[in-house]
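The first chain written gets the first letter, and so on, giving A, B, C and D; residue counts start at 1 in each chain.
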Amino acid sequence: MKVGILTSGGDCPGINATIRGVCKAAVNHYGMEVYGIRNGFRGLLDDDIVRLDNNSLTGLLNLGGTILGTSRVKPFKRRGSGAFSEDKPAILLQTIKDHQLDCIVCIGGNGTQKTAARLAEMGVNVVGIPKTIDNDVWGTDVSFGFDSAVSIATDAIDRLHSTASSHQRVMVIEVMGHKAGWIALYSGMAGGGDIILLPEIPYDMHRIGDAIIDRLKRGKPYSIVVVAEGIQTLGGKKAAQYIAEEIEYETGFETRETVLGYIQRGGAPTAYDRNLATRMGGHAVDLIAQGRFGKMVALRGDSIDSVALSEVAGKLKLVTEEHDLVVQGRHMGICFG
Amino acid sequence: MKVGILTSGGDCPGINATIRGVCKAAVNHYGMEVYGIRNGFRGLLDDDIVRLDNNSLTGLLNLGGTILGTSRVKPFKRRGSGAFSEDKPAILLQTIKDHQLDCIVCIGGNGTQKTAARLAEMGVNVVGIPKTIDNDVWGTDVSFGFDSAVSIATDAIDRLHSTASSHQRVMVIEVMGHKAGWIALYSGMAGGGDIILLPEIPYDMHRIGDAIIDRLKRGKPYSIVVVAEGIQTLGGKKAAQYIAEEIEYETGFETRETVLGYIQRGGAPTAYDRNLATRMGGHAVDLIAQGRFGKMVALRGDSIDSVALSEVAGKLKLVTEEHDLVVQGRHMGICFG
Amino acid sequence: MKVGILTSGGDCPGINATIRGVCKAAVNHYGMEVYGIRNGFRGLLDDDIVRLDNNSLTGLLNLGGTILGTSRVKPFKRRGSGAFSEDKPAILLQTIKDHQLDCIVCIGGNGTQKTAARLAEMGVNVVGIPKTIDNDVWGTDVSFGFDSAVSIATDAIDRLHSTASSHQRVMVIEVMGHKAGWIALYSGMAGGGDIILLPEIPYDMHRIGDAIIDRLKRGKPYSIVVVAEGIQTLGGKKAAQYIAEEIEYETGFETRETVLGYIQRGGAPTAYDRNLATRMGGHAVDLIAQGRFGKMVALRGDSIDSVALSEVAGKLKLVTEEHDLVVQGRHMGICFG
Amino acid sequence: MKVGILTSGGDCPGINATIRGVCKAAVNHYGMEVYGIRNGFRGLLDDDIVRLDNNSLTGLLNLGGTILGTSRVKPFKRRGSGAFSEDKPAILLQTIKDHQLDCIVCIGGNGTQKTAARLAEMGVNVVGIPKTIDNDVWGTDVSFGFDSAVSIATDAIDRLHSTASSHQRVMVIEVMGHKAGWIALYSGMAGGGDIILLPEIPYDMHRIGDAIIDRLKRGKPYSIVVVAEGIQTLGGKKAAQYIAEEIEYETGFETRETVLGYIQRGGAPTAYDRNLATRMGGHAVDLIAQGRFGKMVALRGDSIDSVALSEVAGKLKLVTEEHDLVVQGRHMGICFG
C-alpha cells in the first residue's frame, strides 16, 4: 500500500506532528509506504514527491510549519471565462497513477477539504485531516492548530494588560479569523478581554463606548478590546485601526492598537495540539487500512471519528450566540458589541 | 440568593478562574451574593467565611493556586473506632444555616465531590465543579487543571531530549498520577516519550529493556521514559528511581531520573483551562438559578452539561487500553510496558 | 527619612520589581518611609501620593507594568512661545515640601533622567534608575526591560520561521526602537534573522535584495528580516510595510510583514530583568542612605554602580558598527543593510 | 586552516548556538574548514571526526543539547597507581596530527578548560569557550547556559508559590550547583524565595526556623526555600530532603520538597544565552585567525575578551558574601541561612 500525503493552505502548528503520526502508524504498524507530496496540490502538478521513512521524522513532533511545504494552489478552480483551468485535474490523476499511490491524505482547511472532496468524486482514494488555526472546519469539534493559536493570542493579551493599566489606555488587539471568530472568542475570554468583537456578531460603537465608560465609573480607567480581523469596518479600514479610531472618537480615551499577525500560526504546537494531531494522523491510517475513503477525520467529543468529505465541503463552522462561552461571557459582563 | 463557594483538595491551575467565573456570573447577571469559604470544608467547621465582590476578582483569571485556600479536611470521614468524628456534619450544617447560605459550590476532585454528594444527601443545596490535574473525576470528559499540568510536563520532557541525546542516556521522568495515568499518557505522547508507564497498564521490565535496545539498533542510543508516580514498584521504591535502576540493570545504559513534582500543579493555567474553568463556573451558577442542585458540572464533548453527584461519587475515570491515544501510541511504536 | 518614588515614560517589564526592591530595602533595612507618587511627574503636580508598605508589595516581583501608573508629563518642557509652562516646577517643589519628602527616586528612560537632572539642579535630592526596553539610556551597560523585550521579540521571530520556510516567503518583522536598534540587533541575532536593519546603520535595498537572492541560490528560498521601527523610509511609510514592499519589488518574492507592537513591553519580566531591577532598586536606597544624590544607578560590567545625572542627561546610547554582535553578525553572513 | 571543535562535560543550552557561531564565522568569513570531534575528548581517542559545513547548521541556534555529543572523558586523569592512563595524550596528539587539525576549540566547563590548558602545554593550538549552567568558570563574568538554567528554575519557583500559599506550606526546591550557588542565588532572588541556601554560605537551622515563624507572624503562613544541591547536609541526605525534614522538625510546618533536576540543562537557550554563545563562538574564531592560542574566550563587562587558559585552570568562581545580589537580598529580608 502506497500512501501519498500533502499539506495545503496556511501553515499551522501541528502539521508536522500529523505527518509524523501518519508515517509512524502507516510504516510501523501497517507496513505501508508513505510518500510526501511537496507544496500542497502543486506537488501533484509538478510531480514533486519524496519517500518518507522513520529517519525523516526526527524532531517533527514539536516543529512548527510543515516540512512538506504548502501552497494555496486550487487545482479545480475555474479561471476567467469559467472554463476549467484546462488539464490540471488530469495532470493530478496522472501523477497519482505514475507513482502508483493507492490513496492521498490531504491535511488542510476548508479549501483543502473541498478539493479533497472533488478528488474523491473523481475516484481517488482520499482521506482528509482538518487543519486550521481558525477552527472553522465543519464536522469536527476542534481542528489542531487552534489551541496553539489561542495560546499565543492569550499570552499577547495577558501582556497588554500591563500597558493598559499602567497608562490608563484602551488597548485594541486584532487576532486572526476572517469569517469565524473562534480565536477572538477563546483568546478574548482567556485573556480577560472586556470587549470581544467577532465577525458573526454585529456590533454597535455606542454600546462599546458605553462599556468603556462604564468600566471607568467602576474604577477601571482602561480596557482590553479583542477583535477578529474579519469584523465589518467602514472605509476599507483594517479591524484594529478602525475600532481604535472609533473608540477614541466615542470616548476620548487614548487608544492603541496591535495586530498580532503571523506569529499566531508559527512555532511549536501546544501539548493539546500535538496529541490531537497524533490521534488524527493515526486515525487517518486506520481508515486507509479499512478501505474507508472519502472521509475526513474528526474530533467528536472525546474520541476521534470521521465524517464524509461530501458533507464537509463548502460548509463553515461559525460561532453562534448560543455558544456557552458567548452566553457565559455576557453573564460575566463582557461586551460582544 | 446567597451562594457559598469553597475549594478543597490539592491546588490546581484554574481554580481562581472558576471562582471568578462563579462570582461574575452570580453577581453581575443574577444579582446573587457570593461568600468565600476559606480552606475547603475546614472553613465551614471554623466559621471562616468572607464576602466576595467584583473587587476581589482582579487578576484572578491567570493566577495559580486558590485565593480561598484549601485543605484536605474530610468532614464525613470516620475515625478510629468507626464512629463518625462526632459533630462535624452538624457543625457544617449550623455554619451554613448561620450564614443563611442558600447553596454551596464545591470545587474539587473525587474526594470533594464525594463529600459534596454527602452534603446533598443531608439536604444541603450543592453544586460540584470538577477540579484536578489528574483528570480522574468520573462524569466529565476533562477537568480543568489537566491541560496545564500536561503542558508543564510536556515542556519538561521536551527539555530532557537534549540531555538524553547529547549524553546518550536513558532519561526517566516521573509525573503525577497515583491511580490514573492521564498526565503520563498525554505528556508522554506529546513530549515524544519512547516508553510510557501508567498505573492502569501492567508492565514487563524485559519488554522495556528490549524497546531500549531496539532503539539502539535503529541508531538511537538514548530513550525517554515517562512514568506515572502510581505505577507498581518493588521494595517500596518510588516510580522513577525503581524504573531507572531496573533499566540500568536490564540494559547497561546510563540512566538518570527526574521527579517533576509540585511544579505540575502551580502557576498560570493554560488558555484551555481558563476557558474551561470560566464555562464551568458560569454553568454552575446557571444550575443554581434554575434550582438544579445535587449536580456536578461536566464537559461533554464540546458543551457544558451536568451529572448527578450521586452518580459521580466513589467512581474514578481511568485510562483504558482502548483509549485511542494508547491505541495510536502502540501503532507508532511506543512501548506501554 | 521619607523617600518618594515615581515611574515615568513608557511602561516596561521590571518596574514593579524595582519598586519592590526600593521599598523592601528602604523599609526593612534602613527604616525609611516610602511614598508612591502616582502617574509619573503628574503625581507631583496633582498631589497624588500614597504610602507604600510591605503589604503593597505582594506579587510585584513578576508583575508587568507599574502599580504606580505612569505618564509622559514633562514638567520642564517649554511650550509654544518658548516660555516655561509657567508654574509647574514650582508646584513640584511645593508638593515635595508639603509631603516632607527627603528625596525622590525617578524610575524612567532618557526623558525621565533628563527631568531628574533638572530637579537635581533645583536642589531636590534625586536618584535615578534607568528603565527602558530600548536600552538606550547612556551610562549603564543595560537597562532592565531590555532583556524581556528581546525575549518576547525573539520568541516571535522563532515563530515566523515556520511560516517563512513552509510558504517560501520573506517575513519582515518590525520591533521597537525609534532611535536605537538594540532590540532589533539582539532579537534579530537571537532569532536567526537573515537581514537586520537598525536606525544607526544605513541600508541599501539592492544589497538587501541580493542577500535574499543569494539565500535562494544556496537552497533557502525564504528569509527573515528584522527591522527597528525607527529606520528611515520614504513616503512616511512605516518600517515593516516599506521594507516589505521594497523587497517584493526588488526580488519578486512573496513578502509578509508583522508589527510586533505593545506586547514587547508587557507581561512578567525575565529572571535577568527581575534581578537587575532588584539590584538597582536596592542600590538606589544605598545611595540615599549615603546621601549621594544627583546620581543614576548603572550596571557596569558585573556590578552595580552609579553615574552623575548631569553626565547622562541628553545623551543616547546607540549601536555602533564596532559592537561585537554587529561584527560577528557580519562575519556570519548577516546582512545589516 | 583546519579547525577542530569539541563539546565536553554536561550538556547545556547554547552549545549548538556556539558551534553554529564558530562554523559560520570560520567558514563564511575566514574561509577555514571546521571539523566536529564527537563526544568530547573521546572523539580524539576514538578518531570520531566529521566535517561540518553550512548545511549542518540549520536549526542549531535554538536547539538544546549538543549535536556533537559529549562525554566526561578526561584524557589526562591519572588512574589507580598514580600513573598516567598510559597513552591517551599520545593518541590525542596523533589524531590531531592525522587529521591535520591546526587548532582545537574546546567548549566546556572547568574540567574541560583544565584539559584544554594541558593540551596547550603540550603544544596544541587551543582556544577554550566556557560553557556551564553553573556559572562557576573563573575568568568570565558569565558563561552561556546560566541564564537559561536560571530562567527555568525561576519559572519553577514561580509555580511553587501557588501551592505554598494555597496550602499554607513550606516548599523547598533544590536547584543545581555542587560547589557554586549561582543558580540558587539568581533563581531564588528572581523567584521571590524567602530563604536561599548556597554551598558558599554556612547556614543555621534555628535561624531558618525563625525566619519561617517570623513570616507567619507577619501574616504569611508559607515560605519558599531555594537550596543548591551542594549545601552541606548530615547523614548523606540530599539537600532538599534534609532541609525539608529539618524545617518540619524546627517549625512544625507541613513542608514539601521538589528536586528540579535535569530539566535545568535542556531545551532551547534564552535569547541572552544565544547571543552570548554567538559572540563567544565568533570571538574564538577571531583569536584563531590572529594566532592567539592558549586562551579562553570570556565576557568582561559588556564586551567579549579572552584570558589565558593557564590562569583559568583549576580555579572556581564562587559566590561571595559581598556579591551585591547577596547584599541586597539581606537588605530586603531574605534569609541566607
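Definition applied: contacts are C-beta pairs under 8 Å (C-beta built on N, C-alpha and C of every residue); 3 or more make two chains touch, one makes a residue touch a chain.
Each chain and its UniProt protein: A, B, C, D = ATP-dependent 6-phosphofructokinase.
Treat the numbers as computed from the prediction; the structure is a model and nothing was measured.
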Looking at C-alpha means, what's the farthest chain from subunit A? D
Between subunit A and subunit C, what's the gap in Å when you average each chain's C-alpha atoms? 35
If you average the CA atoms of subunit C and of subunit D, how many Å lie between those two points? 29
What's the distance between the Cα centroids of subunit B and subunit C, rounded to whole Å? 41
For subunit D, jot down the residues that touch at least 2 other chains. 158
In contact, pair by pair, are chains A-B, A-C, B-D, C-D
Report the residues of subunit D in contact with subunit B in the complex, numbered from low to high. 7, 10-11, 13, 15, 63-66, 69-71, 152, 155-156, 158-163, 165-168, 171, 256-263, 265-267
The residues of subunit A that touch subunit B in their complex are 21, 24-25, 28-30, 54, 61-62, 141-142, 147, 150-151, 153-154, 158, 186-187, 189-192, 218, 270-272, 274-275, 278-279, 281-283, 285, 300-304, 324-325, 327-328, 330-333
